[in-house]
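Paired with chain B in one complex and with chain C in the other, chain A is shared by the two complexes that follow.
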Partner chain A sequence: MIEHLLFATFVGLLFHGIHRKVIARIQGRPGPPIWQEILHTLKFSFKETWIPKTASQTLFVAIVFVAIAIWSAALFVLLSGRSLLILFGVYLLHKIVEHGMGLSSGSPYGKFGAIRSVISAASELPLLATVAAIYFFTHSLSIADIAAYQQVHGPLLVIAFPAAAAMYLVVLSKMHYGPFSIIEAKEIVSGNMTEHFGVWRAGLEVAYALKTYVLLYAFVLLFIGQLPSVLTLLLMLLILISLSFVCAVTPMLSPYDTVTIQSLMTGALVVYIIILGVVMG
Partner chain B sequence: MFNLPTTNIGGPELFVLEFGDIVIYFSPYTAALFLFALIFTALAIVSRPEQQVDITFGGDAYYAKEVDLNSLQFQRFMAIACGLATLGAMVTGDVFNFTLFASMVGITNIGIVAAYRNRHVLNAAFQYGIVAMLASVPLFGGAAIILANTGTLSMWELFTDALVVPIIAKAFLVIGIMGEGMAPFYVAKAEITRAQGAPFILMIHVSSLLLFLRVIEIVLSM
Partner chain C sequence: MKKRTALIIGLSAGGISVIAGLLATFGYLSVMVAELLTVIAFPIFVIFIALWWNAKSGEEDIPFIGY
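Right, the complex of A and B next:
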């Protein structure tokens, strides 16, 4: 497990670097080297670390450990084939991390980021609809059962394409520099991460790397199936590049537009589930 | 012996505790939610609040707000009460207890910010109070329909194939919990997060999300 955790962190950071590189090339810039995020994390690990005088000190520090813990747990859940509901829970709990990170510092920019994270809570609704759609077909929320179902019936990407599209939107909602990244928009400096520097920022980079790895891995596992490791990684990379394309060509939405789009997607998926229910009895 | 009938949803039960006919249980799923609620309740107990920094509009000046100790005590008390209600809701094996804990969460959420003197925050708390109060109608209505149709509110029996829970009752439970603070009803309380006291304000968010996660497990299992 530990070696997989380290591997996931490394790959997640590398994916963040590739994400930045692809966005830059599409926008006609050279962009940073793809290992830039790994260097960033190492750099932050050795920089001077402090806690702002105005911060809620315990919460300011604890929230970093909570972020790492929940995404490590999510990776464990994926690898052990346990309940998809726990993964859904972790995704929702990440919202609390974003919120707590911004509020705990006392900074007005952090607070704005935290309030935006509350507003963007609608991003969880497409995931809930996705979970419901998967359950409709597989009658189980065990990840191992879902993988077994796909071995018999084929990938859910084909069988339940709208659910896969909703999950894609969920992953997109959590990508850096994307249309839904309102909590870290530059008009509020770095949003909820503004005051977390040094080791705390390195910890957050690790947690976010794990998050990216887990979400991409979950997408492959839930909608394509259990594949050999190399092929899984390759598919994760392809999905990441497609997400980078979307991020590169789409401007950041206003907070209320993000809610509208995510709610519309959820509505469409609910209609899809109702139609399925009527057609399939 | 107790055997959780729906191991394919939240996993098998890890630990069961009997209180007469009310049997609480820990599955990997509910245990994870319980642990998370416990961590944030502990943080509400041990953390001091932040000092919010405000920027003066139109200039470079900024100032840090002072913390009101009287308000702080009440906020902490309410946050801990909210944490305890959330802990109960995460592991209870009875639908009625779950709805009671959910209502208590709604009341304590208002209590956390009630002592904070800010017009926007108090307005938001008032609006949220109205939404939460209205949401308690479908919440308890859902439980009542389940009882009328099946004759029990014990999850151990409701999770079996022998009893069929009407879909309207499930929908009422979910709408009731969403009214306690999930999207899209959370807009009523977005302004609450302006209030000072991050460890306590965070409990509002923690409790709403955890309740929602639990009700999803309950509804899918029934």
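Right, the complex of A and C next:
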């Protein structure tokens, strides 16, 4: 059990390092070594740790535990092939974590990040539409059933490409340095994470590593199917590199533009589901 | 919190997680219960181990207190 979490944390942090490296290379910079985010997390864990005087102490600390716990739970949901709705629920909880993290600090930058996390709640709409589109084909929300469906009928990436594109947008919305990373934009320092430093930030880095691992793994599992572990990791890496490419060439959008794009994508997917309903009965 | 307390809590949480995993593997505990225990114990393990190695051992220089 814990070995899965330790492995996912390690790979997730490595993926974050690869993400930064790819972005840097595309932008013509040497970039940090790929293990930079692992060192980064260790560095934070050694830094002096305290709770700001203006913070809501309980929430400030508890939010770090909750962040790690929800993505640990999400990983187990994927591994044991349980309901996709639980994964959706975890995604919603993560939004509350982002919000609570910013509000708990008492810092104006943190609060700006928290407010932006509410605005970026639109990123949940494509996920909801994706869940609906998957159900339309598989008639089940069990991840194990969805994987079994793909073994018989082929990958949903081909059968339900618009749903895969919407899920890709969901994963992109949660990537660092991406066009949708408005909650941690540099004009608000580090946004909702500004005041979380030392051990608290190290804990958050662990949670975010798990989140990246879970989202990429979910994409492979839901749209390509159950594959051998090495192949799954390779596909996760390829998807990550494609996301890094998008992040490298796309400037950060304004908060309202992120909502517009995510809402448009959801609208397109709803039209797709309606057409499917008419065509397939 | 004392450095030793952080280590005890961190190791206990890690131990609970490992034991829950082993019990589930050998069928003495339901997988779902083992997962639930691990979900609760893992954040405690991560944070308290980090707090343990972050904590000073109490033999530092007297801090600079200003002019």
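The rule is short, and it goes like this: the second predicted complex is superposed on the first by the 281 of 281 C-alpha atoms of A that agree within 3 Å, B and C clash if a C-alpha of one lies under 4 Å from a C-alpha of the other, contacts with A are read in each partner's own complex, and residues count from 1 in each chain.
In this section, a contact is a pair of C-beta atoms (placed from the backbone, for glycine too) under 8 Å apart; a residue touches a chain by one contact, two chains touch by 3 or more.
Given the structure is predicted, the values throughout are model-derived calculations rather than measurements.
Q: In the superposed model built on chain A, check whether chain B and chain C fit or clash.
A: After superposition on chain A, which the two structures share, chain B sits beside chain C with no clash.
Q: Go through the superposed model and pick first if A:59 touches only chain B, second if only chain C, both, or neither.
A: A:59 contacts chain B only, not chain C.
Q: Comparing chain C with chain B, which touches more residues belonging to chain A?
A: Of chain B and chain C, the partner in contact with more residues of chain A is B.
Q: Have a look at where A:46 lands relative to chain B and chain C in the superposition and call it first, second, both or neither.
A: After superposing on A, A:46 lies in contact with chain C but is clear of chain B.
Q: By the touch definition at the top of the document, which applies to A:140: first (chain B), second (chain C), both, or neither?
A: After superposing on A, A:140 lies in contact with chain B but is clear of chain C.
Q: After the superposition on A, what does A:76 contact: first (chain B), second (chain C), both or neither?
A: second
Q: Between chain B (first) and chain C (second), which does A:88 come into contact with in this model arrangement: first, second, both, or neither?
A: First partner only.
Q: Looking at A:203, would you say it contacts chain B, chain C, both, or neither? Reply first, second, both or neither.
A: Second partner only, chain C.
Q: Which holds for A:2: it touches chain B only (first), chain C only (second), both, or neither?
A: Touch partner of A:2: chain C, not chain B.
Q: Can A:278 be said to touch chain B (first), chain C (second), both, or neither?
A: In the superposed model, A:278 contacts neither chain B nor chain C.
Q: Measuring by CA atoms in the overlay, how small does the chain B-chain C distance get, in Å?
A: Result, nearest C-alpha distance in the overlay: 9 Å.
Q: I'd like to check the shared interface: which positions of chain A are touched by both chain B and chain C across the two complexes?
A: 66, 73
Q: Once bound in the complex, which stretches of chain A touch chain B?
A: That would be residues 53-60, 62, 66, 70, 73, 82-83, 85-86, 88-89, 92-93, 95-96, 99-100, 103-108, 111, 114-115, 118-119, 121-122, 124-125, 128, 131, 135, 139-142, 145, 259, 263 of chain A.
Q: Which part of chain C faces chain A closely enough to touch in the complex?
A: 14, 17-18, 20-21, 24, 31, 34-35, 38-47, 50-51, 53-54
Q: Which of the residues in chain B come into contact with chain A in the complex?
A: So the residues of chain B in touch with chain A come to 8-11, 28-29, 32-33, 36, 39-40, 43, 46-55, 62, 64, 182-184, 186-187, 190, 193-194, 198-199, 201-202, 205-206, 209, 212-213, 216-217, 220.
Q: Across the complex, what residues on chain A touch chain C?
A: 1-3, 5, 45-49, 64-69, 72-73, 76, 80, 198-199, 202-203, 206
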